[in-house]
Amino acid sequence: MTFTDQLWSEIEPIYDAIMELPFIRELTEGTLPEEVFLFYLKQDTLYLADFSRTLSLAGVRSDRYDHMNSFFQYAANVAVVEGELHQDYYEQYGVEMEAEKSPSCFAYTNFLLSTAATKDNVVTIAALLPCFWIYREVGLEIYEEASADNPYREWIDTYAGDEFNEGVDRAITITDAVAEQEPEHRLGEMTEAFVKSTELEWMFWKSAYEQEQWPFEEAYGFEE
Amino acid sequence: MTFTDQLWSEIEPIYDAIMELPFIRELTEGTLPEEVFLFYLKQDTLYLADFSRTLSLAGVRSDRYDHMNSFFQYAANVAVVEGELHQDYYEQYGVEMEAEKSPSCFAYTNFLLSTAATKDNVVTIAALLPCFWIYREVGLEIYEEASADNPYREWIDTYAGDEFNEGVDRAITITDAVAEQEPEHRLGEMTEAFVKSTELEWMFWKSAYEQEQWPFEEAYGFEE
Amino acid sequence: MTFTDQLWSEIEPIYDAIMELPFIRELTEGTLPEEVFLFYLKQDTLYLADFSRTLSLAGVRSDRYDHMNSFFQYAANVAVVEGELHQDYYEQYGVEMEAEKSPSCFAYTNFLLSTAATKDNVVTIAALLPCFWIYREVGLEIYEEASADNPYREWIDTYAGDEFNEGVDRAITITDAVAEQEPEHRLGEMTEAFVKSTELEWMFWKSAYEQEQWPFEEAYGFEE
Amino acid sequence: MTFTDQLWSEIEPIYDAIMELPFIRELTEGTLPEEVFLFYLKQDTLYLADFSRTLSLAGVRSDRYDHMNSFFQYAANVAVVEGELHQDYYEQYGVEMEAEKSPSCFAYTNFLLSTAATKDNVVTIAALLPCFWIYREVGLEIYEEASADNPYREWIDTYAGDEFNEGVDRAITITDAVAEQEPEHRLGEMTEAFVKSTELEWMFWKSAYEQEQWPFEEAYGFEE
């Protein structure tokens, strides 16, 4: 059993909970309200900017040249390729990408960046993995069930595609490679970070469905 | 009107909301349940560790030698002096300092650290200021109203004391000094960071009163 | 006169000194000893790893999405594309890429990384620019003079090529764009960093020709 | 044999070479020219600013609360206490602290900072140790030999004093504590960093005696 197999077994209850979220169910059925999808998409644009920043930071602190290269490739691809997928949607729906991070997006992105700012690099690598791995598994499950005319087909095809799949395999391979050389206590930190990111994935999709607002603004109508 | 005067005027509605929180009212009256105070104290211990980390990072990126020194002094003092205040309480109440960050503590600390990891240093300095300034103002208001036998007297005296007061004045002076040299767009970023930290101060106290839990754990009884 | 025009005028004496270095003259004439070229190439491989790390860090701290993307693209390209150019040479000459950083390579790479670790991002951007700009200008001058059968033709063609040229133009454009919003004192810091990196370019080529060793090891024959 | 015992055995030849440097001999005899001592002192002021920055960064990435506190205390003490020792000398000699980093100071400080920016924290901790440890050993040897009226008595007394001594012991203890949990390959990286810093200590003192200049400026009379 590889280290990443162990990681996955840790988060199975959270993964199951993700698959049961109304967001995922309605995305699969194609009944997700456009407004909710756009809320999600804008938050995801904000998320991906900081995800690519954290990937870069993981590259900066990688000893192995091939790992460094992989992280720099990821950062460049996330920023460009996924940026394009999102821009296409904004144009298609005729909306502007203008949004403030929701509390859950804020919590997740700042967790990734602050992990990179304060922890050993292997912990950052573990914190980055769920966004790859969960997206692939969720993408594949939706892909099998969704009909051809699902309005979110392009999104679904991306995360169920070969290119994305290879990137995820590589991220898993890197995680196992670096974990192999670490003492037990650091594997514990890696697991903790992996579980926390997965929990934040659940919060991210849940909060998109709820079009989550900031509590102070909700309570007091305060506008920053 | 100094730049920090402007900053304060931006957050007055949030400051007023903080003063009206049940946590603050009951702390002032001395009726705050011990359990709530201890929840707060543990979260504050976790908060202060990352607050001192962010202070350190602000020192690292300070050009001016005197600013660097001030931030390094703050970091050392927060870690030691406040660490002692908290330890005294844990001993007094006979409890262990064992806690996971609450969602609001998580959001606030990771915001500070990720600001230091991705923004210009003046923005980090602005993000750090509310924890000094709000605590002094809250501390002074409580100090005037609280009775001598308030069970949280030691806490109150610390934040209303001269030493803390001088530290806050110095933090305000540094913020004005660095702001003076910045273009308009960066003053905007500083203001945004200052407001966000203040909002997170409100969330922090509010969440302590509610003994906030993680939503996934609440929903599924999941234990990390 | 743009800010980058001013930067270039500051370093003209250093640029002229670079063009007069035996390394550059013999590279142009094709008479540079293979051993010297290989010493240079290995140091350059070590240099480029940290250059790409610093490019990544500049992307992490870029506010503008398009600047962030450019830096992430640079980092990915440097690591991969130039890595390949170098690997081809190592295979062609049948040598292993095994080397410790020379003192000048050590000074230059650590300057770039520590600038990113302690200065505002615009200063890092200015520190990164000479490696782009000087290489293009040197590359173009050599390209015009070198004969078709120059043994270092592939190296020369890379740095005189269109793709590299466009990357350099973009780096200059970004530098001018960020400089436009900065106060005078920070333009001073940017200039200082740009001049220092240029001086380190001169040292780098000079030290390659001299196959520079560490002074302690030279004095005492100490092997790490 | 502790890990730090092994570290020391690695650098004994460099330590011996340091003790034989004209700078150290003449400092001990009290015959070191004032001009040379002042050159050294100014470089040391520049060095200590970045040494305290690196100490801070080591604190930021320390998991253990007590280690974090120690590093923050070091950073605050270096910046203040040693800053004062140096300021006293500048006043005593009636000189201004105005200097650009010498190449060796530049190499050493940027090595420390870039280690903190790219390596695991234990490697940074190992890179920081020689400045503590070598100074104590050098300080004690000089202390025993120097006469009471040595003009550099105050400097000598500081580094041979109890307070400094305790700080050094603590730094050694931290290094052993973190090393205990690391795999072999990372102990190798720690050793490499410790040896490189020691070599840079040798270069620093050597370069002070030679009042080292930048090679480009020497060759071309260029003034930045």
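Observations, loosely collected:
First chain written, first letter: the chains are A, B, C and D, and each begins at residue 1.
Definition applied: contacts are C-beta pairs under 8 Å (C-beta built on N, C-alpha and C of every residue); 3 or more make two chains touch, one makes a residue touch a chain.
Composition by chain, UniProt nomenclature: A, B, C, D = Aminopyrimidine aminohydrolase.
Being a predicted model, the structure only gives us computed values, none of them experimental.
Seen as a C-alpha superposition, subunit C sits on subunit D after a turn of 180°, to the nearest 5. With B-C and B-D as the two chain pairs, more C-beta contacts join B-D. Farthest chain from subunit D, judged by C-alpha centroids: A.
Interface note: subunit A and subunit D, two copies of one sequence, contact each other through mostly matching residue numbers (shared numbers exceed half of all numbers used). Subunit C and subunit D, compared by their mean Cα positions, are separated by 30 Å. One inter-chain figure worth recording: subunit B and subunit C are separated by 44 Å, centre to centre, where each centre is the mean of the chain's CA atoms.
Taking each chain's centre as the mean of its C-alpha atoms, subunit B lies 35 Å from subunit D.
In subunit B, the residues touching two or more other chains are 53, 57, 60, 117-118.
Taken as a contact graph, the chains are fully connected, with every chain touching every other chain.
By the touch criterion given at the top, residues 49, 52-53, 56-57, 59-60, 65, 68-69, 72-73, 75-76, 79-80, 83 of subunit B touch subunit D in their complex.
Within the complex formed with subunit B, the subunit A residues making contact are 13-14, 17, 50, 53, 57, 103, 106-107, 109-114, 116-118, 192, 195-196, 199, 202-203, 206, 214-216, 219-220, 222, 224.
Residues 60-61, 63, 117-121, 181-183, 185-186, 189 of subunit D are the ones that touch subunit A when the two sit in their complex.
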